[in-house]
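What follows is a group of structures, each given as structure tokens.
Across the two complexes that follow, chain A remains constant while its partner is chain B and subsequently chain C.
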Partner chain A sequence: MVNYSIVAPFIVYLLILLAIGIIANRYLVDLEGYLLGGRGLGAGVTALTLQSTSMSGFMFLGAPSMAFRQGVWALWYAIGDFGGGLVNLAVLGRGLRQLSETFGSLTPIEYLEDRYPHPSIRAVGSLISIVFLSAYVFAQFIAAGKALESVTGLPYIYGLLLGTSIIVLYTFFGGYLAVAWTDTLQAIVMALGINILLAAVLMEVGGFTGLFSSIASQDPTYLSVWGQGFQHAGAFGVVIGAVLLYSIGYMGIPHAVVRHLSMEESDTAKSAIGINVFFNTFFVYQPYILGLAAIVLLPSLNDPEMAIPQLALTLLPTAVAGILLAALMAAVMSTADSILIMAGSILSRDIVQRFSSREISDERAFLYSRALVVGIGVLGIVVAAYQPPSVSDLVIFAFGALACAFLVPNVAGVYWTRANWQGALAAMIGGSGTNIIWTAAGLQSMTAVHPFLAGIVISTVGMVVFSLITEPPDTDVINAVQTARKSVDAPTGTVKQSTDSLAPEATAIATHLSEKSLADN
Partner chain B sequence: MGVFGMPTGTFVLIFGWIPFWWFVAAVSVYRMRQNDKKNSQGDEVTNG
Partner chain C sequence: MEKQSALTTIDAFPEEVSECKAEKILERTDSEIKNGQINEKIYYPYLVATFQVESSMMGQKDDGIIHCGVDLVNEKELLIDEQPRFERRSVISDQVLPRECNRETALQIARTYIREIVNRQLKPLRTPTIQCVENGLLYRLFYSIEVETTDGNILQYAVDSILGDYHRLYVGVDNSS
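Moving on to the complex of A and B:
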């Protein structure tokens, strides 16, 4: 039975987002001006855009479900997530910006091939990116299907088809044009919605004291840092991996690296750090606490991933619940469209145009890019309909595999002159391969080591060993790294192009347009 | 003994990270400011 008092605000909110997008596009006069200059987006918009892209369906569905199942233990992930953006900015940001400026690279994969000059780096890097970015998007499709299921009352499969269609069509017809503007609104709505729900929940259970006391009366091990039933007792390797996953993992995530790098130096970056931790104070822990509250308020919840939608429908006025669920859908869309277009850009730019023996026109490359978007959509529906994995498992797996592949090459590229392409290739294959095997074979329970921690260790070992037993990189590369490290100037020139564009998709289009205008002239 | 009904050790271990990350953010911004100050002095010298 469709509840129109929830569906109506849900649809109205999505229409407002669309309207903002259209108005923003008209206001910005032309696409080229929008992408290549005159963006003038301040620290607030920049930081909130980063946040809403990072905070996907995982925060609304995955995080509370983990807390519902594991208790306080799940908050180890929140601890890392709180500082992830900050660590990325502080450790990698400036160095990677300067190095990519020196090389003139515009995308993370392009940077890797410039820093580690060998075709295999780009081929393997692109392949790993496309596969795991797709898995990341599948999780968003599942989240969208579940959100629509809870709003419309339709069966999951219809919700999934509808949600995936909305995301793919939104992406296909250029929803990215207004990403920066709609993401800002979405970040605010997400944070407001989640805190309004938390306030309603705390009033219902008698504050934090009532909440934790009620949980303890059900099962005190829910409040243990070792997990419900002490299932992770003494497993330091799992806890360290859980904290590191989101605290250092962002340094290996292509779309996060690009977004962090794309901030204007340096006042924007400084303000963005402040806004980042301020926003995280009001957003990162809250979904997990709502998952804990569901233990008390919704003890017979069949699907723990529905904790937030069910709490919203139970405790909030229907119109407010509708807006919160629309924010969930919008969060999913803002993440999914960026990743879909990033995957498409990687296919067109980093694979087809890079490796084709024939000259591939930009129009044809974009055709490939859009075909991949549709292909991922269709495959995502099949996977999500046939045997949907949980959003949290899929996000942790895909995020972990991407981070294990690229974190070490990215960081070593900036800080270790001796790092060469053989080491980077070993780090990428070893890191992501270990993460996959560890997860697939369930080695975490046997070894008490988190797949991410295992992947990062193997990736680091691979980088060090293979770099040292093979020839050092060319002097050109070593000089570039040393020059970039000594450079104190704010990035200009080539990086200006990529810093002006907030999103990876925008960078790809900017390049396309500048090449096109060169060709036209 | 506990905080909000949660064992004190657990509370500190989980929620103590919030002030920690604020501290890291403050240090990062401070260092960036110092860097910028140093760079701008360098520029002045360079630009004569």
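Moving on to the complex of A and C:
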């Protein structure tokens, strides 16, 4: 039965977002300003917009469900996540920046294509990106369905159909609605909501001490590092894979790598990174703690992914719970929308236009991107309705497969001069393929090896073997890698203020000056 | 005998940053940087196109003007905030970077880029109308500046004469692939 005291604030909140979107666009941004990407926005708005877009159903549904099912074992993933950014920066930061500067690459896929010059690199890289970004979107569909199920009391399948339809329509016709100002409000509401819920939960269970002693009295194995019921006892391959997934996996994720190419060079974006770090401190770990609390407070919970919605409905005033769930829905829409548009862009720019011999008309390009959104929507409904995987499983699978595809080519590109396009292709296909097969065939339970670990091993083997049995890279590539490696570091202040979007111009000017110097001599 | 330098006439963006100011820009970035010195001037080619965009969203029609530049060496696009101004001048031919992309290809690249941005940012209800109303070849002046660090290393940078932005130059690397 529909609980209107929750549905009403849920709808009111979404209507407020709609109103802010319309007002902001009518009075704050004109068409040119919108197309220029809202350059006048400050660091705070930019940071929170990014935050809202990157937050997905995983944080609200996936992370707490892992903690609910596995206990503190789930924190292996969180530990990796905590250090992932630093590892990424330490291993790839300087090398990748200097190499992309010498090549003049602006995006991760451009870097791969410049480092491993062959058309198959872009084609395969783009296809892998589209497939696994789609899997990420499927997770958002499931999350939307569950959010609507918890709010309206409708069966999951209706929630799924309604949620997916809303997301697809929002992606099609959202237009001015998806503005930075609404994303900013969402990020604030989500962070506040999750922390209010955490405070309520901790008061209910008697703080952290009360929480852990209650969990221990129910089943002490929830507090084991090997998982509830010692499920992963001695399975070092699984634990290592779980920690590595988020600690090194970011080196293969296009979004994370972009940061190290330092694409967003403005002072605003640099300040925004600081704000993101501050925001993460107040958001990233809370869902895991809430999942642990659900073991105590909701012991008979049927669907672990409903831990946060159910805790909110149980412990918070209904209006606050309604707003929190609306924020969840909005976050899911924002994430799914941006990934769908990104997938459409990859399809039209990196595949259709790149490999088409004819010029693509505006109408056709428009049609392709819309068709892709509908295609992913329909496929997503089929997957989510037929045999819905859990949000956490789906997100970990998609993240792992993307990381397995690109991590080794990215790292080898910087550190191993001999790495060539044949090796990179084998690493991409072998890494992501192994992750898929390992997950689909349930090989983790048979081998005690995490799919991510298996994927990375095969990807590395593929890179080494195929690079060594084929011709070395072109002299130009070897020269660029060696120059980047030998180059002395510029002073920190100079590096920080450098404008990275000038990389292509700088590369062309450097080549021109080198040729001129040779001719003069 | 000194070699005679040929001159060529180009349309260039007006400079906002003088040679003297450009040298100081790098010195101000870090206390370890000193002795900025210009050793070359390079005119970099762009196609600059102005597009009229008409789009409909939620039953509301909207239109606007947007300017796009295409780097004629690397075929990379960029959005330009304001209507570009230019001035005609004669410069030494050696200082002009040769174009590697023709005007028609560059115009198509610009159009595709605008189309992609319109679709991504506006998510219009119907196919937007994108019309190129003006286009021209313009050159942007970059200063190639050498600086010395306090520990004796020599680094080379390209400094943009419009905004004063800069980027390191890795001279000696052949990136012509």
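Note that in this section the second predicted complex is superposed on the first by the 374 of 521 C-alpha atoms of A that agree within 3 Å, B and C clash if a C-alpha of one lies under 4 Å from a C-alpha of the other, contacts with A are read in each partner's own complex, and residues count from 1 in each chain.
The rule is simple: contacts are C-beta pairs under 8 Å (C-beta built on N, C-alpha and C of every residue); 3 or more make two chains touch, one makes a residue touch a chain.
This is a predicted model, so every value here is computed, not measured.
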Touched partner set for A:341, first chain B, second chain C, both or neither: second
Contacts of A:209 with chain B and chain C, given as first, second, both or neither: first
Most chain A residues touched (candidates chain B, chain C): C
Chain B versus chain C as contact partner of A:246, first or second or both or neither: neither
Which superposed partner A:225 touches (first chain B, second chain C, both, neither): first
Partner chain in contact with A:366 - chain B first, chain C second, else both or neither: second
Contacts of A:75 with chain B and chain C, given as first, second, both or neither: first
Common interface residues of chain A - those touching chain B in one complex and chain C in the other: 488
List of chain C residues in touch with chain A within their complex: 26, 29-33, 40, 42, 44, 53, 55, 57-58, 62-66, 71, 73-74, 76, 78-79, 81, 94, 97, 108, 112, 114-125, 127-130, 142, 144, 149, 153, 155-156, 158, 160, 165-177
Complex contact set, residues of chain A against chain B: 72, 75, 79, 82-83, 86, 89-90, 207-213, 216, 223-225, 266, 269-270, 273-274, 276-277, 280-281, 285, 488-489
Chain A - residues contacting chain C, complex: 30-32, 34-37, 39, 101-104, 106, 117, 171-176, 178, 341, 344-345, 348-349, 353, 359-360, 362-363, 365-366, 369, 474-477, 479-480, 483-484, 487-488, 490-494, 496-514, 516-517
Touching residues (chain side chain B, partner chain A) in the complex: 2, 4-7, 10, 13-15, 17-18, 20-22, 24-25, 28-29, 32-33, 35-36, 38-39, 42
